[in-house]
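Two complexes, one shared chain (subunit A), two partners (subunit B, subunit C).
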Partner chain A sequence: MLNSYPSRLKRRMARQGWLSVIPALLVILAVRGYPLVFGFIKSFTDWTGIGSGNNVGFANYVRILTGSEFWTLLRNTLIFLAFIPIQLIIGLLVAVLLYEEVWGWRFFRVVFYIPQIISALVIGYLFSIFFGYNGPINRILTEIGLGALKSEWLGNTVSAVAIIIFCLVWINIGWQAMLGLGGLASVSPSVFEAAEIDGAGFWRRFFYVTLPMLGRTIEYSCVISVIWVFTGIFPYIFSMTKGGPGYDTTTIDYMIYLQSFGSVSKPGYASALAMILLVIVLIFTVIQMRLSNKANDWED
Partner chain B sequence: MRKHTVKQKLTQSIIFLILLVMAVSFLYPIFFMGINSFKTKSEYRKGPFALPQSLDVNNYYLLIRNFKILDAFLNTFIIAICSVLVSVLLAVFASYAFAKLRFKGRTFVYLFIISTMFIPAQVTMIPLYYMMSNIHLNNTLISVIIAYVATSLPGTILLMTTSFSGISDEMIEAATIDGAGYFKIVRKVVVPMGMAVIAINIIFNFLGASNDLFTPMILIQKMEKRTVMVALASLMNARGGDPAYQLAGLTFSALPPLLVYIVFSRFIVKGITVGSIK
Partner chain C sequence: MRKVLSLTLALVLVLGLLSFGASASAEDAKLLVWVSNALVPDTDQKLPQEEWTISKIATQFEQQNPGVKVEIVLFSDGIAMMQTFKAASTGADGPDIVNVWAGQQLFEMKDIVVDIKDKIPQDDKDKILGWDIMTLDFTAGNPILAYPASGNEVCGFLYNKQVLAACGLDYDANPPKTVEQFEKDMETIKTAGYLPIVAGDGGWGEALFVAYASWWVQASGSERVASDSKGLTKYADDQGFLTAVQTGADLYAKGYVNIDYATIQNPIDVFLEGNSALIATGNWNTSAAIEGLGEENVGFLNPPDISGDVMVKDTCIGGPGQALVVSKSSPNQDLAIQFLSFLSNKENMTAMNKANSKMALRTDIDAADLGIKDTGAFYQEYQAAMNYVFWADNSTMPDVNAEIQKQSSLVLTGKMSVADFAAMLDNKAAGK
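Coming up: the complex of A and B.
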């Protein structure tokens, strides 16, 4: 039908179309495109932020990939990924409970989502106060006679990592439950009723009926969460551990910050690190797109 | 439909109890933060779990008078409002074109814009910082506004284009026949029809802009230009010895997003299930 327009109108439509998208396109080219190209070029230099730096070829990349530091950062991120299965199980269990629509379920749904609304920085600092040496957690331990267990929770590698993972689960339960509810809404209730009539217990139904029915929701949550761990947990690390003790909770994006705006200024090196981060994120984005294409095929 | 047998009532009560316990685990930290913000340093040390003896607002008074937190709120508010308005304005026109106008290169430009959504902010921040310094925009609110407009555009355009595609061509044609020009169609047809998605984007981009630390921390060093989150970071570093004061700062900074959430919670919850925004 649109092809039946006379060519004068078509030309006008094309002109309007371009004029409508050009402002947005220009902003993105200037603020996202140009810095990306600039950073890519600088990643092959020893640029210190002043002047333009000398071309050093792949030296930054070689140093990153052959040094131990990058693998420590990657290892830290991979350990943090452990929060995803925990978040999935708890979040989807909560979704199943909310799905029953007991009295007040709408209120609970709103409450569970609060950590997503408050700033990540505020939540991170709240955790750091709770687990601080004079904080409420040590206080409780002392009061119940376990004062011997009192410790600098965020100053010790094992407990710091555990607390960060706990924090990531806590803030994402509501998000996961919402996605789960969305997934459950697309499943026919008769499936769950049939399983109940067959006499399957709650846990059997959860693991053998509900989880498989939520396959797509789970795939989506996993990939989004993986990308998020690589790019989104900066404020939590910043407020809870500052990457410490040592570099034991430093992630790639936190290291980019340290190397370019921290005590040392090596933006050339940091740019190379940023490009590696971009490649990692793009790989997971492609996986995400593949999965959602597959999902669309199923729908057809 | 549902039979209310004794067993079913029992199950429902158990589920309610579990959800209630969880809700407490989500609300207690916020409650803790709130009650301790009214305490003095020594009162907090004596009993962090007790209710405050009086509603002492001294911490808040100091935050406003000495720490100038209201200036930071004003900066945050200006940044959030301006970036949201500009981003939504640009996105409405672009999305209308992507959804309803046929022109050469449309799909390519659309995919290009959407693909920038996947570039993490950390990747472009170093060059952006030097770029802003070169054009003497560092230490200005405008630099942060520009950065937010660029990062929020792709997601906003994605959701709006999807929504605007649902507007029927007949409606736009009817308006054209009635003599409506480009801007009138956008104003009278596209915006009213897409209001729900526009509102969702306004709320989420506003929350995102006011809760962000990374961008303003890099682009702004001047004290009087800092945002609430940057101010909060320096408060937390400087006043480690006075948790009650720190908790007042945290409570203060958490209040605006919480208020937005309380007012729009129903709407926001619906938006998450539709848009699955993170």
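Coming up: the complex of A and C.
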């Protein structure tokens, strides 16, 4: 009788736990789950937005995976992932500088975070003006005698991709720095003090102490950033290059938009594309978490 | 006592139901109209909604039809509006009337819009232009799916007379009649230090569709434009298409078009600053050009004929690019058609066209009715409107049209060959 008391308590606590989260779960299921299931069902149809569409089996998936267009979109998205290591290093460096309260750190903390609170479309538009053929960059180049370097930055594939990556880094440095700062706050200052007493300079402390101590923060940052690249950079690309030149900066999520809400109306096909994107994001997330778990084994 | 209470409750219930019925019938006489920027020009949008031209017309309709309420809802994104309409078309809260693109986009909605062929008043049939474009698959005898709307959108080149004069050219007196002459003039302008043509892709192949496509349609015809996009004929064999696109690409290659054609945000600014002689655009920019440069300094030019043996000579892209459909889910379909007829009568179409600077779609509205003088860009556009060829993008199947919109800037800036472009479009049309 006495032995059963803890298990009863456990069951009761479990029940209370479930009751606490059920409302939130129901909301999540309704808001996220319903569109997901709906999209999954529609991905097997030729739905055009009118009526319910005819069942076409795996035809949408076959067409996507056997066409060259999808692989171009995937390649573009993978290229944009290049911004993550740059953002990580710069963002964490900024975090360390803020942590060490260098001169003017309060001011810079605000300045670095400002891009996060500006509308994505505004940022995209400003970049398109900035790098426009008659924009400030080309004018500056001309003024300083480097007119030969004047270029249609967003009209050429290599420079357009580079500018988008630069834009993504610029936007996210503040976010990454805040995240790093939060991670640093959870590390005992004595660790850094000990390294400093042992004679480690700034860069040694950064690479051999700070980065390893922020393993979980980096993992979180990587996972979120990868998901963001796959699903969230559409407004920047839309306002900067409209996916051009041609398809060279078009990403999978941009194509989902074009197929659903562009002049083409193929939400059934777009749903299949969205399902494939979901699987890709899941695969990337699982791989990253496994790699990160291995890298952070020392914590255990 | 209980009986009295029961009776009273029953009476209240019956009265309540009656009053609900009455209010429901009043609600039945409400028309919900979804429109895009094409029907509410920028000048109107700066005013309170009740002062928009279309709102004033709706108010007059309400006054003439007591108990009827017309609600105008503006969508700034016309494409998104069409997709939203598809989703809403089966619901009870959907719109009664929707502003959609004429041509293939309209035809795709044939299952959710009313065939108005037998419901159009004869006077409208006789005097309104563009019924052929509203007829399913452009085939006479098929269902008519919409009222032509917004106005005749005439496209080509606006020119700056001062810049042309500085280059020794006068397009009022001596406009180029052939592409060869046109290119010669562009060289003269370039040599004089001006940009000959400013144009932009705008994300939809704007210069191609407003200017160069007139060479394509005048040579190949609208039916060929449509059949290419259905995979029935090939772009690779369509000489009109190949020549038109190649000519556009040549203009760029020779430095007659701004180098940032693919990415420029506001080409009209370059034109208004007097830095270019011509701009490839439509009549939606004429008011701005006149306001910026002065009425006496702006003219309109049809793209010169691509060759001597074209199907339609001295023409330009135009026609009603917009349409107003009645939703099949509308409980007030006849009333909706009545409103569309009212909106398209001589007086109201004149008011709408004055507001949006477009040419009229009625045979009984002349230049004087629109306040157009016998000279100037508007008059030139009015004359051009008499002999337009229909929008190539509206005639093209949406899938292929989207591909042209996405890729045409590459071919027009020399990053892709015309042959590769045609092959790619043929693949798209074949569903590959």
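Criterion: the second predicted complex is superposed on the first by the 242 of 300 C-alpha atoms of A that agree within 3 Å, B and C clash if a C-alpha of one lies under 4 Å from a C-alpha of the other, contacts with A are read in each partner's own complex, and residues count from 1 in each chain.
One rule holds for everything that comes next: a residue touches a chain if its C-beta (ideal position, glycine included) is under 8 Å from a C-beta of that chain, and two chains touch if they have at least 3 such contacts.
Bear in mind that the values here come from a model prediction, so they are computed numbers and not experimental data.
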Touched partner set for A:G51, first subunit B, second subunit C, both or neither: second
Subunit B versus subunit C as contact partner of A:T249, first or second or both or neither: neither
Most subunit A residues touched (candidates subunit B, subunit C): B
First, second, both or neither for A:T241, with subunit B first and subunit C second: second
Partner chain(s) touched by A:T77 [first = subunit B, second = subunit C, both, neither]: neither
Subunit B versus subunit C as contact partner of A:E152, first or second or both or neither: second
Subunit B versus subunit C as contact partner of A:N134, first or second or both or neither: both
Touched partner set for A:M13, first subunit B, second subunit C, both or neither: first
Contacts of A:Q176 with subunit B and subunit C, given as first, second, both or neither: neither
Which superposed partner A:F261 touches (first subunit B, second subunit C, both, neither): both
Residues of subunit A that lie at the interface with subunit B and also at the interface with subunit C: 49, 128-129, 132, 134, 260-261
In the complex, subunit C residues that touch subunit A: 79-80, 82-83, 86-87, 89-90, 105, 108-109, 111-112, 201, 203, 258-260, 262-265, 398-399, 401-402, 405-407, 409-410, 413, 415-416, 432
Complex interface listing, subunit A residues touching subunit C: 48-51, 67, 128-129, 132-134, 152, 154-155, 241-247, 250, 258, 260-266
Contacting residues of subunit A [partner subunit B, same complex]: 1-2, 10, 13-18, 20-21, 23-25, 27-28, 30-36, 38-39, 42, 49, 94, 97-98, 100, 102-105, 107-115, 117-122, 125-126, 128-130, 132, 134-136, 139, 170, 173-175, 178-179, 181-182, 185, 220, 224, 228, 230-232, 234-235, 238-239, 253, 256-257, 260-261, 267, 270-271, 274-275, 277-278, 281-282, 285
Complex interface listing, subunit B residues touching subunit A: 11-12, 15-16, 18-20, 22-23, 25-27, 29-30, 32-33, 45, 48-49, 90-91, 93-94, 96-98, 101-106, 109, 112-113, 116, 118-131, 146-147, 149-151, 153-154, 157, 169, 182, 207, 210-214, 218, 229, 232-233, 236, 243, 246-247, 250, 253-254, 257-258, 260-261, 265, 268-269, 272-273, 276, 278
